[in-house]
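Below, subunit A partners subunit B and then partners subunit C, in two separate complexes.
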Partner chain A sequence: MQICNLSENNFEQCTKCSICTTVCPVAAVTTDYPGPKQAGPDGERYRLKDPAYYDKMLKLCLNCKRCEVACPSGVHIADIIQKARMQASAGHRAKLRDTVLANTDLVGTMANLVAPIANFTVGLKPTKLVMDSVMAIDKHRTFPAYSRQKFTTWYKRNAAKQQDAFANHVSYFHGCYVNFNFPKLGQDLVKLMNAVGYGVHLLDKEQCCGVALIANGLYKQAKRQAKTNAASIRKSVDIDHRTVLTTSSSCTFNLRDEYPAVLDVDTTDVRDNIMLATRFIYRLVDEREIKLVFKQDYKRRMAYHTACHMQRMGWQLYSIELLRMIPGLDLQLLEQDCCGISGTYGFKKENYENSQAIGSILFKHIADAQVEAVTTDCETCKWQIEMSTGLPVENPISVLADALDVEATRAANGLK
Partner chain B sequence: MRMDTVIMGGGLSGLTCGIALAKRGQRVAIVASGQSTLLFNGGSMELLGSIDGKAVTAPLEAIATLPQNHPYRKIGDDRIAALADEAKQLLADAGINMEGNAAANHWRITPIGVAKPAWLTLSDHLRIDDLEKLPAKRLALMAIRGYLDHPNSMLAQGLRDLGFDVDVIEFTTDEISSLRRSPTEMRATSLAKRLISDHALQRIADQINELAGDADMALLPSVLGQNNEETVKTLQSMVKVPLRLVATLPPSVAGSRMQASLRHYFMMLGGTYLMGDTAVSGEMEGDKLLKVSTAKLADMPLRADNFVMATGSFISRGLKADYRRVYEPVLDLDVDADSDREQWTQFGVLDQQAYMSYGVATDERLRCLKNGKPVTNLHAIGSILSGHDAIKAGDGTGVSLLTALAVAKDILANK
Partner chain C sequence: MVTDEIYKKEYDVIIVGGGATGAGTARDCAMRGLSVLLVERNDYSTGATGRNHGLMHSGARYAVTDSESATECISENMILRRIARHCVEETDGLFITLPEDDLQYQRTFVDACQRAGIRADIIDPDEARRIEPSVNPELIGAVRIPDASIDPFRLTMANLLDARIHGAETLNYHEVEGVIVNQGRVEGVKLFSKLDGRHVEVRGHVVVNACGIWGQRIAQLAGVKLNLFPARGALLIFGHRVNKMVINRCRKPANADILVPDDTVCVIGTTSDRIPIETVDDMRVTREEVDVLLHEGVKLAPSLATTRVIRAYAGVRPLVASDDDPSGRSISRGIVCLDHAKRDGLEGFITITGGKMMTYRLMGEITTNAVCAKLGNNEPCRTAELPLPGSEPDAPKQGDLTKRYSFGERAAIGRHGSLAARIEKDNDIDNALVCECEGVTVGEIKFAVHQLHVHNLVNLRRRTRVGMGTCQGKLCSCRAASLLGELNHDVKRAQEDLAAFLDERWKGMRPVAWGDTLREAQLTAAIYEGLCGLDTAVNMEGKEDVQ
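The block that comes next holds the complex of A and B.
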């Protein structure tokens, strides 16, 4: 007797309850977008019949995954939409603008060489206007500043030698943002891990995780880079026995879930060994493997913003619980709302207005919280919130490193 | 991760129980797999609506006549009135202001115009205390142009059958008509997102003031106030006649508001709400549940002194059925259900369906049974409980609220 007859098409799990439509940030601000139910499971039925039923408005999807989080029936709504976009774009070349936005590592490498000039130039009004009119990158946007020294350069010069001396070891997938724009976050992670007795190592070969490539339709390149990263991660996990830590929620989600789901690059064998540093550290504290000691005089009031991909992974509680361990930190939890930037989405001229409209709910909550800074695990949320609220935004790892009493922590963990 | 109590399920019962425990200083985590069936709720709570097809007027008295295996009877008849008051207060503390009392049902109006007995109804929604004394004679039913999901003619007919004079008045505003571009999005919750600013509300108020004329009361589909009741209050203050909302088809704005308010309150009390995660398995030791694993926390299970099963019925996947059996998928708890599949259903959709009263088996303290014995630190609350048919009896939300509060008390008393 037939016991189970599940369709291999995940969209068949949809019961048409429409709950996903209540949380879609895009449909809330524009009627151009048909909404997750129509764009995902409903549309898929037609697209299977004939790809011509593809609706180009699907490119308005942020891929924030809030629909998947809300779905009571386990439908991978956003994955269905991403795959449909991918299939529809086969054979089309990406726009120059999208290629530039998506190649965070290539552009980063070039920009690092001339960081002061690049930062100065892209900040100039005439440059912004040219980018706006020629490239369709919205003039209101401030490009994240490029660092003069890459994280990897800093690491090789200042940190690499000391790492082998530790008793325990992890690898670090730093991502483009840490490498090109904000090495301090990587330095904070090294500081934190070293203080509790863990050496931090780079992967043999790390390329951009490709989250922006996927969003901009550069799938072949994304897949190539995914394969390189998967091989490096496998070496770290299987041969060096080092868990791979990350500090960006979107990179993490991409490496763990989008590689197999969207790019067909299987990382399921090492998935459990790729994780946000906050989860790794929380576990060590929870299992009493390590101790964290914080500065007596540390005092701040911050708000925690759950990035959409963080919520999709379900890991915000690790960052929140770690932050709650800092005695001097008055932590306010914000309702989960989308900030509207979604990586490169909000940089595009055609999306700017929607992007800010989506974020407005969050910005109001931040203003109401009356905090001196915001903390979140996503770097693009950081850009958006900094630009839109004027408040500084820090990764929880940086907050922890800042509040940490390094000497006392080293002593508590038996390090000299 | 260690908690005092871990609640599986983040709907009405899970949140109510979580709030009651967090208020008393417990560290509580709620695992919520997606949004809950509260989003299908039209803005009312029911304690007990009918017995054997007959409307109940005095639910507290009628509860004493229910079978012994009904969750209310397990709580104890003498405790129901106090728990009902407590539930109403908890909702108010969360910012959900409802009217009604447990001693006498009032009437709520369904989206198709049927009057059903109810215990509590949102203060800004249409409520009829006594069918012989209607709250207004002449109603202006404001029908939103293009809002195809709202069956205005059926609603109007239903209201006329109750004795109202009803004028159906079609109207629109720029904000509303902008949604008509996307026919699939012309639904209550989408409208609510566009009807927030004072400007958008004033345009609606202008229409009502101009068109509702000399009506005693204006009725508007419940398409306002997804996050709080302030939006509705603002509109009410702009409109000259008394204004009440009427329930829409789901997903409902009122339900979204209640879910969001409860969740917000729970988090304000320090609770941890794991949105979009699902409990997948648990580990027992003797007669106790030690820990629960979730899909996303994976190899870092949640440990707690107490656990609560609030995962809902079939629609929420708290119960599942295959061709052989009805089962509880997380811990494989004992289930009260017919083993013969032929008995599960009746032919007519509207017939009494046996499966509606299936659920996990519990002892008199609502502790779950496994292999016939109670799991001493695991309670069940809400729709997953056996012994009641929420659709036929009109007791679903009441069972959720009252069992949640009773179990919270049991947990606190037996620390």
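The block that comes next holds the complex of A and C.
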């Protein structure tokens, strides 16, 4: 008895040291947000007394998890806040704007059909003004362009047939961004994995991981999709014996940690088999299972930005060390600052100012680094940095694929 | 009115003791038009009033063994829900039967409750698990009764405020060091002011001894003998609420069989031990008491086994032996009001004792009736009808908290009811949180200092909950001390006050200092002693004074 205090999300292990508040990017730019300690463990005591004590300012939380990284007591502060938001929203319908922002796959499917028109239209100033005033999507924002062809369509037409021929196999959770907006990243992953002797397969059924649904309060839908994904992942891991790779740090974190913590969808049994592709590849290289050979004439200067969820998982080292293997890449490491976008957060009119204020430190560091491009594992960081600095941003997998000498790599790994 | 003028006046009644009973008596007397002075040797509600469960009994606990107390409780329970809404949380309660208990007792219990007029509904164990998820899932029976949670500090303060509104004077930190007796008649009290070290005499026609267990000493000063028997009870405070309803064991009253949700925490208690009267000021909780409380507590709610205990405390109930039985064998928990004119031939002296915090109003009414009989006052008692300040009919209820209020404002409304409207909140400074655990703002501290008789941090804690949260004053006490120093223009006193306050917090943490509570205390010590050098700063200044 009383050996340890085992409350949900460890909230009472908080010793009120306030370190979390000092690292909170939101608390740093606005006094409206009470900070993670108040919003999390402190507020939770009041919410246990009466849910009416819920503070609506909790909506300002980015869910960047920097508080959890900083906490010396292992309190899942951001999870406490997410759960409180979830409970407070029960019975309320989400706003149209939030539903549109959150349903990345549904909106993506529709936009793909009319991609050129959609891209053109949402880029127009009048459209932006209408979205700004009617939907409260900030006019300064540009939606990521939709692709004419979905990643899955490309895969089925061009890649699916060749994959079974490989000796080793992985599954790929591509996520909405790769599927609807940027199939090239998925193509780069297939190129990279194929070059080292791994076949890449789609999951039986993949739905949006739901990170945007959680952030926008559509919990029921998020939970439904989480269950579908969990089942597909489980089949891949348990029956097909294929590790599930990802190229988005936020999707990865959501699948591994937020499913059980926030949505009560248990993925702990397969958690170790869901990982970012850079981690998987780094380990293979490190264990001398595979070799990577890069182009001799490749020469670039880039800066690596650690996405918040990447920091939460502690996996930035894998991406950084892999990138450092590219001889021609001059890689600058940026301080670990939040870019401020946090998925759909920064798209909302009411958050625009905070979002840019949070990101301003990072933007300055990027400018100081004097690089031609930035690389990061998160697609929404990519949008934010591209919108705010004008520099192109690439996923490390794309950088690796770009620098890779495919023929030499295939030969080094014993492929014909 | 300045203190000198308070001393010079002659009062109809001087009430000794600033607990719930004294405050309730002061309110009643003042409302009936008497001129009243209340004196308290420490802070208000320092004694048994502030050292109990914070349980607003339905009376069910006493139904089987003491039907008179049960009837008193249910009647007062219903009155307090009306007049002290802002101090009460209507949680309802359960009496649960566990496999090791006799389920037959449930029938006896329910019958006794019905005889006393207490609503007692037998509910299915499944229903009990549903409405109170923290309850021991192994329960085999449950009865739902109208128990509630009540804040004794606020209750006492609301009574004192109302007494003052009706013209009463109240002085804390004024100790009675003598009772003035002249020709078989009490004519006043000799006071020592702990605030400025003065000794004064104040005159009054009737002196009411409402000091709980310490009433023995006041009676001695007046030259009469009381047979009070101190019964000590220890309790533990957990860092947050595990239960929404009061949980009791459905069996004969025993150790640690009540778990009460109080504000942001929950409290398990109590033990019950007869102790020698000489030891009533020693409130340290022993290891054995902690063990018993935890061991029995987990039977009510198993999650208590892994919930952080933030504090332990103990209180002393005054039990009264009947006059013809000085051995104390036939002891009463009921209300005892002694007119010493009839009992001892000493005119102008009344002792009110026994009873419970829960029945403070009734005790006040009985006492005031006795006072009025002596003074020839025929005004009726109205304390059961008129709401206390903060609980006026239009005051916001805790459940009414809407999105209009900030977190700090809502916390303040929960504590002060309609009085929260007096808290300044028009600028960022007044809205800034001093105590983050309990949501106390700068504005609320200013309100407490200006209107609720605050001299130091401990007073402030009782009025506002500053320092009552899980960090036990780590973050808030320096901020609050700084505010007090500013408001009182006395930095040195604030510094000493800060050291004393942290010391007082540590005393309650010490019996439960393991795990996270110990980590918390170590961090506090590291900040205040290691980083700020508070212990050396205060001690050194003390030494310089001696030199």
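Definition applied: the second predicted complex is superposed on the first by the 407 of 416 C-alpha atoms of A that agree within 3 Å, B and C clash if a C-alpha of one lies under 4 Å from a C-alpha of the other, contacts with A are read in each partner's own complex, and residues count from 1 in each chain.
Just so it is clear, a contact is a pair of C-beta atoms (placed from the backbone, for glycine too) under 8 Å apart; a residue touches a chain by one contact, two chains touch by 3 or more.
For clarity, every value in this text was computed on a predicted model and none was experimentally measured.
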Touched partner set for A:A231, first subunit B, second subunit C, both or neither: neither
Partner chain(s) touched by A:G43 [first = subunit B, second = subunit C, both, neither]: second
Partner chain(s) touched by A:Q336 [first = subunit B, second = subunit C, both, neither]: first
First, second, both or neither for A:T22, with subunit B first and subunit C second: first
First (subunit B), second (subunit C), both or neither touched by A:I117: neither
Subunit B versus subunit C as contact partner of A:W315, first or second or both or neither: first
Touched partner set for A:T31, first subunit B, second subunit C, both or neither: both
Touching partner for A:C71 - first (subunit B), second (subunit C), both, neither: first
Common ground on subunit A, meaning residues reached by subunit C in one complex and by subunit B in the other: 1-4, 15, 17-18, 31, 34, 37-38, 42, 73
Of subunit B, residues touching subunit A in the complex: 1-2, 29, 33-36, 39-40, 178-179, 181-182, 184-185, 187, 189-190, 193, 226, 250-251, 256, 264, 267, 272, 274-277, 294-300, 315-317, 322-324
Residue numbers on subunit A that touch subunit B, as the complex places them: 1-4, 15, 17-19, 21-23, 27-29, 31-35, 37-38, 42, 68-74, 272, 279, 282-283, 286, 311-315, 317, 320-321, 333, 335-336
Subunit A-facing residues of subunit C, complex: 239-241, 261, 263-265, 294-295, 298, 305-309, 398-399, 401-403, 406-407, 410-411, 414, 428, 433, 436-437, 439, 469-471, 474-475, 514-516, 519-520, 523
Contacting residues of subunit A [partner subunit C, same complex]: 1-7, 11-18, 31, 34, 37-38, 41-46, 48-50, 52-53, 55-57, 73
